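Before anything else, here's the structure in question.
Letters A, B, C and D name the chains as they come in the text, with residue numbers starting at 1 for each one.
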């Protein structure tokens, strides 16, 4: 398991954010960053190897359960943020007729 | 008694849920009752408060503190709690008559209060992250509450950029956790002291700081703030500008306490970031014509001033100056936003150039607004003066730093001279608008501004135990400085801003797009890494 | 056989990176949704390899079922142009089919922008009074309201000023005498 | 193009710093896995340590995690609804028809998914799973119902109100421990070293409540999306 490869996923997401021209793609990029962060935490939690964090009889080395619990929280948070962003996105489209950031942010300003 | 912090978090949350479930407009006074109860509890807590970490620490669930979540309070968080309860009082009273058919509004508002109080007290990094995300979502909803295109746009911008910032925050939590095996802030602080300042510690610090910089809108990551605060309802704008943005600054204080022993030389860097923020904020504010946009950009510039003070974490005078400015700014910015809300809803326009004759139409509102303007421009005997003066005395020896503060002062004066044009002119409105609750809010805020401007020493020392530098308020030099700033500001306004030259128009029409904001985000990470890792 | 697992893990991580690049650079949003669902499945299998079955279950349930559905709905809503037909005559529907002048005009318009034309003549929506038309436009997703001006006999197409499509529609409607495009100004006040 | 090039260079610089800090991390590396392995099952009565953390050690976080869902649901519904009295406007061109094969398949899968979801919720303390994950699976099962019958009417207000009540119940159950253990947000039943079957009752109850709450929340979210603009 290589944390470096996982970190690359985060960086790709950041690249996507800085280049994406429309809202939907920004939301996709945020999702990618989030998956990358989650995977990184789990990677590091299992860095020294181990078994699934469920105690069955003999206790041996286990993967760290704390990151796993935190990451479940993060997944739930991430999905709600995505849902909210997409709902706002629908509304923005019907107000401005486009999902391109540039057009949206320019409309109704600087007249 | 021991569990008052927990009650303070859950009373607003439960009230919010109750109001949502009941859905009756007759139950809205319950929010005020809950607020009163919280005030009482907070005062009780304050009386028993000793300022000692051991006494205030609550480990929820009674677990080992390496594992469990703990709540902890110090002077800073308790004074922040007083400020937030006060701010919520103001906003609740201000919006009370308007929002009373709408249980949704109170639901989000009260929930936000509980979450904000949680953020102030938590001693756990991940818990902090959860609260920050909750605040992000709640603030997005409150921004979009008006359901106009502008509001959706601003909400979406804020939501996405905050989400990215919080992801960096989480990344940093990962590094901290895997380095020290805990995410309890106080324990991490001790653990950092025991290690050398390794790259991983510095890297995590840089990532934390970039998240904080987005959340508290430092230049160049401020792009979300003017949009969000400019389009929200005035009550919400007041709350966001006055208090919720300070959540980021609070994180700054807390995280810097955590990295206190990491041998990071951040003082100068954040001082200059603060100075840049102050200057750029004022520059944009000068070019705006929309009343709420002006106020929103001034929030940025005032945050810069706060930052100039807070960055000197080891210099008690400067730090207290910055900290006091958080309070002062919360008071006068809420006052200005709420007053602007009254004026805007009466005149049905936000353009400063279109509003005239407010003094004759709404004399009370105008007086309170003028108090707010005197405070923000730093007139002696008003609260803005005190904190600005403390910061000014801290940097009086070094020329450039002092002059930057003076330039910001002139800019602020110019911008509010421009805004004060709304008071002059003939009476244009004939309808009398009776809003006793709104006037009451404005009056209490104005009163607080004046009180804090004159009796800041008894309030901050006797009440919160901060040692504040004594300032001679009524000296001629202060008046001279103030009037000098005002007159330069007037000249500047008359001959540069009022004719609306091309440069001013260009600045006004310059709006940062989302890609640019993210690009600057990456640039900022690199800058922070350069400063804190490679140096 | 620990090596086998390790090789799989590396392969999946490389796959993940390739998919992330594809998602970021791909133009077609429809393809991206499929990619993001698969991306989520790949991350879920990596979670299992990292000894985190709990997280994997959460990711599979949320990330590859509910979130893609929300994306699909959101994107399909962004491809439509909603028209409310209040005219109630042969402008849009003539002889119970979509052959009216207005329909052909609107169809040409939406085809040009690759949108889907969605026409409603819902009774409850159409009963909304003239004064509340702007509110209707702002609060619901209705992009365009078609109505007939009784005096001049012109067909009025009303939409939001802020909507970029309305500007295009205005340009296109210049050639038609019977059609007039009206835009609602943004209401610009604070509270 | 130049901007993108600089961007890539900057991202690679961040990557370089990360690699350096990873080697530091290798020296420092600490986790709390040992603590949980040693005491986790014994203290909380849950063999699944992730559930132990979610429902006991860090219950406070989980409460606000559920709270985020609650807020987001209310927010999405608030944004999506409007004052104009109209429920399901029929669109002339809105023909949505699921293929028959898919409907049959969905009918088969739906009860299985639902049962699987419940299994995961109830057994959260002994095997992988728990309230949040199981709730999401139940929500997915309900989602399949929409494929079977696209015209399904749902009372979204009802769902949201029930969700709020469930959240209130979760809050109350979570804070009951003040009476038995003298502290907030932990297991109601006092700490017992042998067996721990009492503690399991609490875990299962809380898992079920959280599961239903999450399922209702996600259900409300996608119903809001399906109804959006209709």
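Odds and ends about this structure:
In the analysis below, a residue touches a chain if its C-beta (ideal position, glycine included) is under 8 Å from a C-beta of that chain, and two chains touch if they have at least 3 such contacts.
Quantities reported herein were computed from a predicted structural model and do not represent experimental measurements.
With steps allowed only between chains in touch, the distance from chain C over to chain D comes to 1. With contact taken as defined at the outset, chain B and chain C are each touched by A, D. Separation between the centroids of chain A and chain D, computed from CA atoms only, is 16 Å.
If you average the Cα atoms of chain A and of chain B, the two centres end up 28 Å apart.
Chain B and chain D have centres, each the mean of its CA atoms, that are 32 Å apart. Between the Cα centres of chain A and chain C there is a gap of 23 Å. Contact of a single residue of chain D with at least two other chains is seen at positions 7, 11, 14, 18, 22, 25, 29, 31-32, 36, 48, 50, 58, 61, 65, 68, 71-72, 75, 79, 82, 128, 130, 132-133, 218, 221, 225, 228-229. The multi-chain contact residues of chain A, meaning those touching 2 or more other chains, are 8, 14-15, 18-20, 44-45, 47, 50, 52-53, 62-63, 66-70, 72-73, 76-77, 79-81, 83-84, 86-91, 94-96, 107-108.
Looking at chain B, residues 67, 126, 130, 133, 137, 140-141, 144, 147-150, 152, 177-178, 519, 522 sit in touch with two or more other chains. If you draw each protein chain as a dot and join the dots that touch, every dot ends up joined to every other dot. Interface of chain A with chain D (complex): residues 3-4, 7-8, 11, 14-15, 18-19, 44-45, 47-48, 50, 52-56, 59, 61-66, 68-70, 72-73, 76-77, 79-81, 83-84, 86-88, 90-91, 94.
Every residue of chain B that touches chain D in the complex is listed here, in rising order: 3, 6, 10, 13-14, 17, 20-21, 59-64, 66-69, 104, 107-108, 111, 115, 118, 126-127, 130-131, 133-134, 137-138, 140-141, 144-145, 147, 152, 175, 177-182, 195, 198-204, 519, 522-523, 525-526, 529, 533. On chain C, the positions that touch chain A within their shared complex are 6, 9-10, 13-14, 16-17, 20-21, 23-24, 29, 32, 36, 39-40, 43, 46-47, 49-55, 58-59, 62-63, 66-67, 70-71, 73-75, 77-78, 82, 138, 141-143, 160-166, 186.
Residue ranges on chain A touching chain B, taken from their complex, read 10, 14, 17-21, 23, 26-27, 30, 33-34, 37, 40-41, 44-45, 47, 66-67, 70, 73-74, 77, 80-81, 84-85, 88-89, 91-92, 95-96, 101-102, 104-110.
Residue ranges of chain C in contact with chain D, taken from their complex: 52-58, 61-62, 65-66, 69-70, 73-74, 77, 82, 116-122, 124-125, 128, 132, 135-136, 139-141.
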